[in-house]
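Same chain, two partners: chain A is paired with chain B first, then with chain C.
What follows is the complex of A and B.
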(Lines of atoms letter the chains of each structure in order from A and count residues from 1; the text may use other names and numbers.)
(Lines give C-alpha, C1' and ligand atoms only; values in the text may rest on other atoms or scores of the structure.)
Protein backbone atom coordinates (compact mmCIF):
# COMPACT_ATOMS: atom_id res chain seq x y z
CA UNK A 1 0.00 0.00 0.00
CA UNK A 2 2.78 2.39 1.01
CA UNK A 3 4.81 1.57 -2.11
CA UNK A 4 1.75 2.02 -4.35
CA UNK A 5 1.14 5.45 -2.84
CA UNK A 6 4.77 6.43 -3.32
CA UNK A 7 4.67 5.34 -6.98
CA UNK A 8 1.45 7.32 -7.49
CA UNK A 9 3.04 10.47 -5.98
CA UNK A 10 6.22 10.02 -8.05
CA UNK A 11 4.14 9.70 -11.23
CA UNK A 12 2.36 12.98 -10.42
CA UNK A 13 5.63 14.89 -10.92
CA UNK A 14 5.93 13.63 -14.48
CA UNK A 15 2.19 13.82 -15.23
CA UNK A 16 1.70 17.48 -14.23
CA UNK A 17 3.79 19.97 -16.17
CA UNK A 18 5.98 22.13 -13.91
CA UNK A 19 5.10 20.28 -10.68
CA UNK A 20 8.21 20.13 -8.48
CA UNK A 21 7.07 18.69 -5.16
CA UNK A 22 4.06 17.06 -3.52
CA UNK A 23 3.85 16.52 0.22
CA UNK A 24 1.17 15.27 2.57
CA UNK A 25 1.72 16.30 6.18
CA UNK A 26 -0.23 16.39 9.40
CA UNK A 27 -1.16 19.68 11.10
CA UNK A 28 2.25 19.79 12.87
CA UNK A 29 4.17 19.58 9.59
CA UNK A 30 5.26 15.95 9.99
CA UNK A 31 5.66 14.52 6.47
CA UNK A 32 3.60 11.38 5.83
CA UNK A 33 4.38 11.03 2.15
CA UNK A 34 6.43 13.11 -0.26
CA UNK A 35 7.76 13.22 -3.77
CA UNK A 36 10.27 15.90 -4.69
CA UNK A 37 12.00 16.76 -7.96
CA UNK A 38 15.82 17.05 -7.95
CA UNK A 39 15.81 20.64 -9.21
CA UNK A 40 13.96 22.18 -6.27
CA UNK A 41 15.38 23.42 -2.97
CA UNK A 42 15.02 20.83 -0.16
CA UNK A 43 13.80 23.74 2.01
CA UNK A 44 10.32 23.27 0.53
CA UNK A 45 10.11 20.18 2.74
CA UNK A 46 10.54 22.18 5.93
CA UNK A 47 7.62 21.80 8.36
CA UNK A 48 7.22 25.61 8.48
CA UNK A 49 5.40 25.53 5.15
CA UNK A 50 2.65 23.26 6.48
CA UNK A 51 2.42 24.73 9.97
CA UNK A 52 2.09 28.22 8.50
CA UNK A 53 -0.72 27.01 6.28
CA UNK A 54 -2.39 25.35 9.25
CA UNK A 55 -2.47 28.68 11.15
CA UNK A 56 -3.44 30.76 8.12
CA UNK A 57 -6.18 28.34 7.08
CA UNK A 58 -7.74 28.66 10.55
CA UNK A 59 -7.65 32.46 10.19
CA UNK A 60 -9.14 32.30 6.68
CA UNK A 61 -12.00 30.23 8.07
CA UNK A 62 -12.91 33.29 10.19
CA UNK A 63 -13.47 35.54 7.15
CA UNK A 64 -17.19 34.75 7.31
CA UNK A 65 -16.95 32.65 4.13
CA UNK A 66 -17.16 29.29 5.92
CA UNK A 67 -14.30 26.76 5.98
CA UNK A 68 -11.09 27.42 4.04
CA UNK A 69 -10.47 24.86 1.30
CA UNK A 70 -7.20 25.92 -0.32
CA UNK A 71 -4.67 28.74 -0.64
CA UNK A 72 -2.64 29.53 -3.75
CA UNK A 73 0.48 31.67 -3.17
CA UNK A 74 2.19 32.91 -6.30
CA UNK A 75 5.87 33.90 -6.03
CA UNK A 76 8.28 35.12 -8.69
CA UNK A 77 9.67 31.66 -9.49
CA UNK A 78 7.30 29.24 -7.79
CA UNK A 79 3.68 28.80 -6.86
CA UNK A 80 2.51 26.89 -3.81
CA UNK A 81 -0.96 25.36 -3.73
CA UNK A 82 -2.02 24.05 -0.32
CA UNK A 83 -5.18 22.12 0.50
CA UNK A 84 -6.98 21.84 3.79
CA UNK A 85 -7.68 18.10 3.73
CA UNK A 86 -8.45 17.97 7.47
CA UNK A 87 -6.67 16.48 9.45
CA UNK A 88 -3.97 16.46 6.75
CA UNK A 89 -2.39 19.19 4.63
CA UNK A 90 -1.49 18.61 1.00
CA UNK A 91 1.15 20.93 -0.50
CA UNK A 92 2.01 21.26 -4.18
CA UNK A 93 5.07 23.26 -5.26
CA UNK A 94 5.22 24.13 -8.97
CA UNK A 95 6.81 26.60 -11.39
CA UNK A 96 5.11 30.00 -11.33
CA UNK A 97 4.10 29.48 -14.98
CA UNK A 98 2.34 26.17 -14.31
CA UNK A 99 -1.40 25.89 -14.86
CA UNK A 100 -2.97 26.78 -11.49
CA UNK A 101 -6.33 25.33 -12.54
CA UNK A 102 -4.78 21.92 -13.14
CA UNK A 103 -3.08 22.08 -9.71
CA UNK A 104 -6.37 23.03 -8.00
CA UNK A 105 -8.13 20.17 -9.79
CA UNK A 106 -5.40 17.80 -8.64
CA UNK A 107 -6.45 18.72 -5.09
CA UNK A 108 -9.82 17.01 -5.62
CA UNK A 109 -8.06 13.88 -6.88
CA UNK A 110 -5.62 13.90 -3.95
CA UNK A 111 -8.51 14.30 -1.46
CA UNK A 112 -9.47 10.66 -2.11
CA UNK A 113 -5.88 9.58 -1.37
CA UNK A 114 -5.54 11.72 1.79
CA UNK A 115 -8.90 10.36 3.04
CA UNK A 116 -7.44 6.83 2.86
CA UNK A 117 -4.29 7.93 4.75
CA UNK A 118 -6.38 9.82 7.35
CA UNK A 119 -8.67 6.83 8.00
CA UNK A 120 -5.64 4.51 8.29
CA UNK A 121 -4.11 6.90 10.83
CA UNK A 122 -7.28 7.14 12.91
CA UNK A 123 -7.66 3.33 12.94
CA UNK A 124 -4.08 3.02 14.14
CA UNK A 125 -4.71 5.57 16.90
CA UNK A 126 -7.70 3.55 18.12
CA UNK A 127 -5.57 0.36 18.27
CA UNK A 128 -2.74 2.14 20.16
CA UNK B 1 -2.95 65.29 -5.65
CA UNK B 2 -4.77 62.00 -5.04
CA UNK B 3 -8.57 62.29 -4.87
CA UNK B 4 -10.07 59.87 -2.31
CA UNK B 5 -13.42 60.00 -4.10
CA UNK B 6 -11.80 58.86 -7.34
CA UNK B 7 -10.24 55.83 -5.56
CA UNK B 8 -13.64 54.76 -4.24
CA UNK B 9 -15.11 55.12 -7.73
CA UNK B 10 -12.43 52.87 -9.21
CA UNK B 11 -12.99 50.28 -6.46
CA UNK B 12 -16.74 50.48 -7.09
CA UNK B 13 -16.23 49.63 -10.76
CA UNK B 14 -14.53 46.38 -9.73
CA UNK B 15 -17.26 45.45 -7.23
CA UNK B 16 -19.55 43.91 -9.85
CA UNK B 17 -20.33 40.50 -11.32
CA UNK B 18 -20.25 38.58 -8.03
CA UNK B 19 -17.45 40.56 -6.36
CA UNK B 20 -18.82 41.41 -2.89
CA UNK B 21 -16.10 43.73 -1.63
CA UNK B 22 -13.01 45.55 -2.87
CA UNK B 23 -10.54 46.97 -0.37
CA UNK B 24 -7.34 48.95 -0.44
CA UNK B 25 -5.42 48.58 2.80
CA UNK B 26 -2.04 49.32 4.28
CA UNK B 27 0.34 46.59 5.42
CA UNK B 28 -0.95 46.89 9.00
CA UNK B 29 -4.42 45.88 7.88
CA UNK B 30 -6.13 49.26 8.16
CA UNK B 31 -8.49 49.91 5.25
CA UNK B 32 -7.72 53.11 3.26
CA UNK B 33 -10.66 52.85 0.92
CA UNK B 34 -13.22 50.13 0.44
CA UNK B 35 -16.50 49.20 -1.17
CA UNK B 36 -18.47 46.63 0.79
CA UNK B 37 -22.04 45.92 1.92
CA UNK B 38 -21.03 46.35 5.54
CA UNK B 39 -18.23 48.28 7.26
CA UNK B 40 -17.80 45.49 9.79
CA UNK B 41 -17.21 42.86 7.09
CA UNK B 42 -14.69 45.17 5.37
CA UNK B 43 -12.67 45.55 8.57
CA UNK B 44 -12.65 41.78 9.15
CA UNK B 45 -11.54 41.12 5.53
CA UNK B 46 -8.80 43.79 5.84
CA UNK B 47 -7.39 42.48 9.13
CA UNK B 48 -7.33 38.83 8.08
CA UNK B 49 -6.11 39.51 4.50
CA UNK B 50 -3.12 41.57 5.68
CA UNK B 51 -2.23 38.94 8.28
CA UNK B 52 -2.37 36.12 5.72
CA UNK B 53 -0.27 38.18 3.28
CA UNK B 54 2.45 39.04 5.80
CA UNK B 55 2.65 35.41 6.99
CA UNK B 56 3.16 34.06 3.45
CA UNK B 57 5.55 36.90 2.60
CA UNK B 58 7.79 35.88 5.53
CA UNK B 59 7.56 32.25 4.35
CA UNK B 60 8.73 33.29 0.88
CA UNK B 61 11.74 35.10 2.30
CA UNK B 62 12.73 32.18 4.53
CA UNK B 63 11.94 29.15 2.38
CA UNK B 64 11.76 30.26 -1.25
CA UNK B 65 15.20 31.85 -1.67
CA UNK B 66 13.99 35.45 -1.03
CA UNK B 67 11.32 35.04 -3.69
CA UNK B 68 8.78 37.89 -3.64
CA UNK B 69 5.14 37.08 -2.99
CA UNK B 70 3.07 38.43 -5.88
CA UNK B 71 -0.44 37.10 -5.48
CA UNK B 72 -2.59 35.14 -3.02
CA UNK B 73 -5.82 33.29 -3.69
CA UNK B 74 -7.79 32.07 -0.67
CA UNK B 75 -10.57 29.62 -1.56
CA UNK B 76 -13.32 29.10 1.02
CA UNK B 77 -16.65 27.23 0.90
CA UNK B 78 -18.76 30.39 0.58
CA UNK B 79 -16.40 32.69 -1.29
CA UNK B 80 -12.94 33.44 -2.59
CA UNK B 81 -10.44 36.16 -1.71
CA UNK B 82 -7.71 37.52 -4.01
CA UNK B 83 -4.87 39.63 -2.59
CA UNK B 84 -2.05 41.45 -4.35
CA UNK B 85 0.17 44.50 -3.83
CA UNK B 86 -0.26 48.01 -5.20
CA UNK B 87 2.83 50.09 -4.49
CA UNK B 88 3.31 49.59 -0.71
CA UNK B 89 -0.34 48.78 -0.13
CA UNK B 90 -2.54 45.70 -0.49
CA UNK B 91 -5.51 45.26 -2.79
CA UNK B 92 -8.08 42.69 -1.74
CA UNK B 93 -11.12 41.45 -3.65
CA UNK B 94 -13.76 39.24 -2.00
CA UNK B 95 -16.04 37.32 -4.36
CA UNK B 96 -18.92 34.85 -4.24
CA UNK B 97 -18.00 31.18 -4.94
CA UNK B 98 -19.72 31.38 -8.35
CA UNK B 99 -17.04 33.79 -9.58
CA UNK B 100 -14.40 31.81 -11.45
CA UNK B 101 -10.92 32.07 -9.93
CA UNK B 102 -9.43 33.07 -13.29
CA UNK B 103 -11.74 36.06 -13.71
CA UNK B 104 -11.12 37.07 -10.09
CA UNK B 105 -7.36 37.03 -10.69
CA UNK B 106 -7.72 38.93 -13.97
CA UNK B 107 -9.87 41.58 -12.29
CA UNK B 108 -7.42 41.94 -9.39
CA UNK B 109 -4.44 42.23 -11.77
CA UNK B 110 -6.22 44.80 -13.96
CA UNK B 111 -7.18 46.92 -10.96
CA UNK B 112 -3.66 46.70 -9.49
CA UNK B 113 -2.14 47.81 -12.81
CA UNK B 114 -4.56 50.74 -12.99
CA UNK B 115 -3.76 51.92 -9.46
CA UNK B 116 -0.02 51.21 -9.49
CA UNK B 117 1.21 54.36 -11.25
CA UNK B 118 -0.70 57.01 -9.24
CA UNK B 119 0.12 55.25 -5.95
CA UNK B 120 3.76 54.89 -6.92
CA UNK B 121 3.86 58.66 -7.53
CA UNK B 122 2.24 59.28 -4.13
CA UNK B 123 4.79 57.03 -2.40
CA UNK B 124 7.67 58.89 -4.07
CA UNK B 125 6.10 62.22 -3.06
CA UNK B 126 5.72 61.23 0.61
CA UNK B 127 9.29 59.91 0.74
CA UNK B 128 10.84 63.17 -0.54
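What follows is the complex of A and C.
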Protein backbone atom coordinates (compact mmCIF):
# COMPACT_ATOMS: atom_id res chain seq x y z
CA UNK A 1 0.00 0.00 0.00
CA UNK A 2 2.98 2.25 0.75
CA UNK A 3 4.16 2.10 -2.85
CA UNK A 4 0.69 2.86 -4.16
CA UNK A 5 0.50 5.93 -1.95
CA UNK A 6 3.95 7.07 -3.07
CA UNK A 7 2.93 6.68 -6.73
CA UNK A 8 -0.27 8.61 -6.05
CA UNK A 9 1.66 11.51 -4.50
CA UNK A 10 4.26 11.47 -7.31
CA UNK A 11 1.45 11.68 -9.87
CA UNK A 12 -0.06 14.66 -8.03
CA UNK A 13 3.06 16.69 -8.89
CA UNK A 14 2.47 16.21 -12.60
CA UNK A 15 -1.33 16.48 -12.39
CA UNK A 16 -1.47 19.87 -10.65
CA UNK A 17 0.14 22.81 -12.46
CA UNK A 18 2.97 24.38 -10.46
CA UNK A 19 2.85 21.89 -7.56
CA UNK A 20 6.41 21.28 -6.38
CA UNK A 21 6.14 19.22 -3.21
CA UNK A 22 3.63 17.34 -1.09
CA UNK A 23 4.14 15.98 2.39
CA UNK A 24 2.01 14.25 4.96
CA UNK A 25 3.35 14.56 8.49
CA UNK A 26 2.10 13.94 11.99
CA UNK A 27 1.51 16.76 14.46
CA UNK A 28 5.17 16.68 15.55
CA UNK A 29 6.46 17.18 12.01
CA UNK A 30 7.56 13.58 11.40
CA UNK A 31 7.30 12.98 7.65
CA UNK A 32 5.15 9.96 6.76
CA UNK A 33 5.03 10.47 3.01
CA UNK A 34 6.71 13.02 0.80
CA UNK A 35 7.10 13.71 -2.86
CA UNK A 36 9.31 16.51 -4.20
CA UNK A 37 9.64 17.66 -7.80
CA UNK A 38 13.09 17.29 -9.41
CA UNK A 39 13.25 20.99 -10.34
CA UNK A 40 13.25 22.32 -6.77
CA UNK A 41 15.64 21.86 -3.87
CA UNK A 42 14.43 19.39 -1.21
CA UNK A 43 15.17 22.26 1.19
CA UNK A 44 11.80 23.82 0.32
CA UNK A 45 10.44 21.28 2.80
CA UNK A 46 11.76 23.06 5.86
CA UNK A 47 11.09 20.76 8.88
CA UNK A 48 9.56 23.67 10.77
CA UNK A 49 6.72 23.96 8.20
CA UNK A 50 4.50 21.37 9.83
CA UNK A 51 5.28 22.14 13.44
CA UNK A 52 4.69 25.87 12.88
CA UNK A 53 1.41 25.09 11.13
CA UNK A 54 0.41 22.86 14.02
CA UNK A 55 0.82 25.76 16.48
CA UNK A 56 -0.76 28.39 14.22
CA UNK A 57 -3.72 26.16 13.36
CA UNK A 58 -4.38 25.54 17.06
CA UNK A 59 -4.31 29.29 17.71
CA UNK A 60 -6.55 30.01 14.68
CA UNK A 61 -9.06 27.50 16.03
CA UNK A 62 -9.50 29.78 19.05
CA UNK A 63 -10.80 32.68 16.96
CA UNK A 64 -14.39 31.58 17.53
CA UNK A 65 -14.81 30.49 13.90
CA UNK A 66 -14.84 26.74 14.62
CA UNK A 67 -11.88 24.47 13.89
CA UNK A 68 -9.25 25.74 11.46
CA UNK A 69 -9.20 23.69 8.25
CA UNK A 70 -6.44 25.15 6.11
CA UNK A 71 -3.88 27.95 5.93
CA UNK A 72 -2.50 29.49 2.73
CA UNK A 73 0.86 31.30 2.93
CA UNK A 74 2.00 33.33 -0.09
CA UNK A 75 5.68 34.09 -0.57
CA UNK A 76 7.77 35.61 -3.37
CA UNK A 77 8.67 32.32 -5.03
CA UNK A 78 6.34 29.78 -3.52
CA UNK A 79 2.96 29.39 -1.90
CA UNK A 80 2.27 26.90 0.83
CA UNK A 81 -1.18 25.40 1.38
CA UNK A 82 -1.54 23.34 4.54
CA UNK A 83 -4.47 21.26 5.73
CA UNK A 84 -5.41 20.30 9.24
CA UNK A 85 -6.29 16.64 8.59
CA UNK A 86 -6.19 15.74 12.29
CA UNK A 87 -4.10 13.88 13.48
CA UNK A 88 -2.07 14.48 10.31
CA UNK A 89 -0.92 17.61 8.49
CA UNK A 90 -0.82 17.81 4.71
CA UNK A 91 1.50 20.41 3.17
CA UNK A 92 1.49 21.47 -0.48
CA UNK A 93 4.31 23.65 -1.82
CA UNK A 94 3.62 25.25 -5.21
CA UNK A 95 4.79 28.12 -7.42
CA UNK A 96 3.56 31.47 -6.13
CA UNK A 97 1.63 32.00 -9.37
CA UNK A 98 -0.14 28.64 -9.41
CA UNK A 99 -3.87 28.29 -8.86
CA UNK A 100 -4.63 28.47 -5.11
CA UNK A 101 -8.25 27.41 -5.62
CA UNK A 102 -7.21 24.14 -7.25
CA UNK A 103 -4.75 23.47 -4.40
CA UNK A 104 -7.44 24.15 -1.79
CA UNK A 105 -9.87 21.82 -3.54
CA UNK A 106 -7.16 19.15 -3.62
CA UNK A 107 -7.41 19.17 0.18
CA UNK A 108 -10.83 17.45 0.01
CA UNK A 109 -9.36 14.69 -2.16
CA UNK A 110 -6.29 14.31 0.07
CA UNK A 111 -8.49 14.04 3.17
CA UNK A 112 -9.65 10.61 1.99
CA UNK A 113 -6.02 9.51 1.58
CA UNK A 114 -4.86 10.88 4.94
CA UNK A 115 -7.84 9.18 6.62
CA UNK A 116 -6.50 5.83 5.33
CA UNK A 117 -3.00 6.62 6.63
CA UNK A 118 -4.37 7.80 9.99
CA UNK A 119 -6.46 4.64 10.47
CA UNK A 120 -3.47 2.45 9.53
CA UNK A 121 -1.39 4.33 12.11
CA UNK A 122 -3.96 3.94 14.88
CA UNK A 123 -4.32 0.19 14.17
CA UNK A 124 -0.54 -0.16 14.41
CA UNK A 125 -0.49 1.68 17.73
CA UNK A 126 -3.07 -0.76 19.15
CA UNK A 127 -0.88 -3.73 18.11
CA UNK A 128 2.29 -2.17 19.60
CA UNK B 1 -17.38 46.55 -2.08
CA UNK B 2 -18.78 43.08 -1.84
CA UNK B 3 -22.35 44.33 -2.45
CA UNK B 4 -21.39 45.38 -5.99
CA UNK B 5 -20.27 41.82 -6.78
CA UNK B 6 -23.40 40.37 -5.18
CA UNK B 7 -25.68 42.70 -7.19
CA UNK B 8 -23.97 41.66 -10.46
CA UNK B 9 -24.40 37.99 -9.55
CA UNK B 10 -28.05 38.63 -8.61
CA UNK B 11 -28.80 40.32 -11.93
CA UNK B 12 -27.09 37.48 -13.83
CA UNK B 13 -28.90 34.70 -11.99
CA UNK B 14 -32.24 36.37 -12.79
CA UNK B 15 -31.50 36.10 -16.52
CA UNK B 16 -33.47 33.55 -18.48
CA UNK B 17 -32.24 29.93 -18.28
CA UNK B 18 -29.30 30.86 -16.01
CA UNK B 19 -28.99 28.29 -13.21
CA UNK B 20 -25.78 29.46 -11.59
CA UNK B 21 -23.00 32.06 -11.75
CA UNK B 22 -19.54 32.23 -10.21
CA UNK B 23 -16.74 34.79 -10.11
CA UNK B 24 -13.16 33.74 -9.29
CA UNK B 25 -10.05 35.89 -8.84
CA UNK B 26 -6.62 35.38 -10.44
CA UNK B 27 -5.64 32.90 -7.69
CA UNK B 28 -8.66 30.73 -8.45
CA UNK B 29 -10.38 31.76 -5.23
CA UNK B 30 -14.16 32.18 -5.26
CA UNK B 31 -15.32 35.81 -4.96
CA UNK B 32 -18.99 34.97 -5.22
CA UNK B 33 -21.32 32.19 -6.33
CA UNK B 34 -25.08 31.96 -6.80
CA UNK B 35 -27.35 29.12 -7.78
CA UNK B 36 -26.29 25.55 -8.42
CA UNK B 37 -22.54 26.29 -8.66
CA UNK B 38 -20.21 24.71 -6.12
CA UNK B 39 -17.80 27.43 -4.83
CA UNK B 40 -15.09 24.73 -4.65
CA UNK B 41 -15.06 24.62 -8.46
CA UNK B 42 -13.68 28.21 -8.66
CA UNK B 43 -10.10 26.95 -8.97
CA UNK B 44 -10.89 24.64 -11.88
CA UNK B 45 -12.97 27.28 -13.67
CA UNK B 46 -10.15 29.82 -13.48
CA UNK B 47 -7.60 27.16 -14.50
CA UNK B 48 -9.69 26.29 -17.59
CA UNK B 49 -9.84 30.00 -18.54
CA UNK B 50 -6.08 30.47 -18.01
CA UNK B 51 -5.21 27.42 -20.10
CA UNK B 52 -7.56 28.50 -22.90
CA UNK B 53 -5.98 31.95 -22.89
CA UNK B 54 -2.51 30.45 -23.26
CA UNK B 55 -3.55 28.89 -26.61
CA UNK B 56 -2.61 32.17 -28.28
CA UNK B 57 0.09 34.68 -27.33
CA UNK B 58 -1.32 37.82 -28.99
CA UNK B 59 -2.40 40.22 -26.21
CA UNK B 60 -4.53 42.19 -28.71
CA UNK B 61 -6.89 39.27 -29.19
CA UNK B 62 -9.79 39.21 -26.75
CA UNK B 63 -9.69 36.38 -24.19
CA UNK B 64 -11.63 33.37 -25.47
CA UNK B 65 -15.07 32.43 -24.21
CA UNK B 66 -15.11 28.75 -23.33
CA UNK B 67 -18.32 26.78 -23.73
CA UNK B 68 -18.58 23.42 -22.01
CA UNK B 69 -21.61 21.38 -22.94
CA UNK B 70 -22.84 18.49 -20.83
CA UNK B 71 -26.06 16.48 -20.97
CA UNK B 72 -27.67 18.65 -18.32
CA UNK B 73 -25.84 21.98 -18.49
CA UNK B 74 -23.93 24.43 -20.60
CA UNK B 75 -21.11 26.31 -18.87
CA UNK B 76 -19.76 29.57 -20.32
CA UNK B 77 -16.41 30.80 -18.97
CA UNK B 78 -14.55 34.02 -19.70
CA UNK B 79 -11.49 35.59 -18.13
CA UNK B 80 -10.92 39.36 -18.38
CA UNK B 81 -7.38 39.35 -17.00
CA UNK B 82 -7.83 39.30 -13.27
CA UNK B 83 -11.26 37.79 -12.88
CA UNK B 84 -13.03 34.78 -14.33
CA UNK B 85 -16.78 34.62 -14.76
CA UNK B 86 -18.65 31.37 -15.25
CA UNK B 87 -22.33 31.11 -16.17
CA UNK B 88 -24.13 27.79 -15.81
CA UNK B 89 -27.19 27.50 -18.12
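As a convention for this text, the second predicted complex is superposed on the first by the 128 of 128 C-alpha atoms of A that agree within 3 Å, B and C clash if a C-alpha of one lies under 4 Å from a C-alpha of the other, contacts with A are read in each partner's own complex, and residues count from 1 in each chain.
Going forward, a residue touches a chain if its C-beta (ideal position, glycine included) is under 8 Å from a C-beta of that chain, and two chains touch if they have at least 3 such contacts.
In this text, all values refer to a predicted model and were calculated from it rather than measured experimentally.
*Asks:* Quick check on the superposed pair: does A:115 touch chain B, chain C, both, or neither? Answer first, second, both or neither.
*Replies:* A:115: touches no partner chain.
*Asks:* Give one of first, second, both or neither to describe whether A:46 is in contact with chain B, with chain C, with both, or with none.
*Replies:* Only chain B; A:46 stays clear of chain C.
*Asks:* State whether chain B or chain C is in contact with more residues of chain A in the superposed arrangement.
*Replies:* Greater contact footprint in residues on chain A: B.
*Asks:* Can A:75 be said to touch chain B (first), chain C (second), both, or neither?
*Replies:* A:75 contacts chain B only, not chain C.
*Asks:* Of the two partner chains, chain B (first) and chain C (second), which one does A:55 touch, if any: first, second, both, or neither?
*Replies:* First partner only.
*Asks:* Taking the superposition on A as described, I'd like to know which of chain B and chain C A:102 touches: first, second, both or neither.
*Replies:* Touch partner of A:102: chain C, not chain B.
*Asks:* Is A:17 in contact with chain B, with chain C, with both, or with neither (first, second, both, neither)?
*Replies:* In the superposed model, A:17 contacts chain C only, not chain B.
*Asks:* When the two structures are overlaid on chain A, which partner does A:63 contact: first (chain B), second (chain C), both, or neither?
*Replies:* first
*Asks:* Of all the chain A residues, which ones make contact with chain B and with chain C?
*Replies:* Dual-contact residues (chain A): 100-101, 104.
*Asks:* Applying the document's contact rule, which stretches of chain B touch chain A when the two form their complex?
*Replies:* Listed in rising order, the residues of chain B that touch chain A are 41, 44-45, 48, 51-52, 55-56, 59-60, 62-65, 67-81, 94, 101-102.
*Asks:* Which part of chain C faces chain A closely enough to touch in the complex?
*Replies:* Interface residues on chain C, with respect to chain A: 24, 27-30, 40-44, 46-47, 50.
*Asks:* State the interface residues of chain A toward chain B in the complex, per the touch definition above.
*Replies:* 41, 43-44, 46, 48-49, 52, 55-56, 59-78, 100-101, 104
*Asks:* Contact residues on chain A for chain C in the complex?
*Replies:* Residue positions touching the partner: 17, 99-105, 108.
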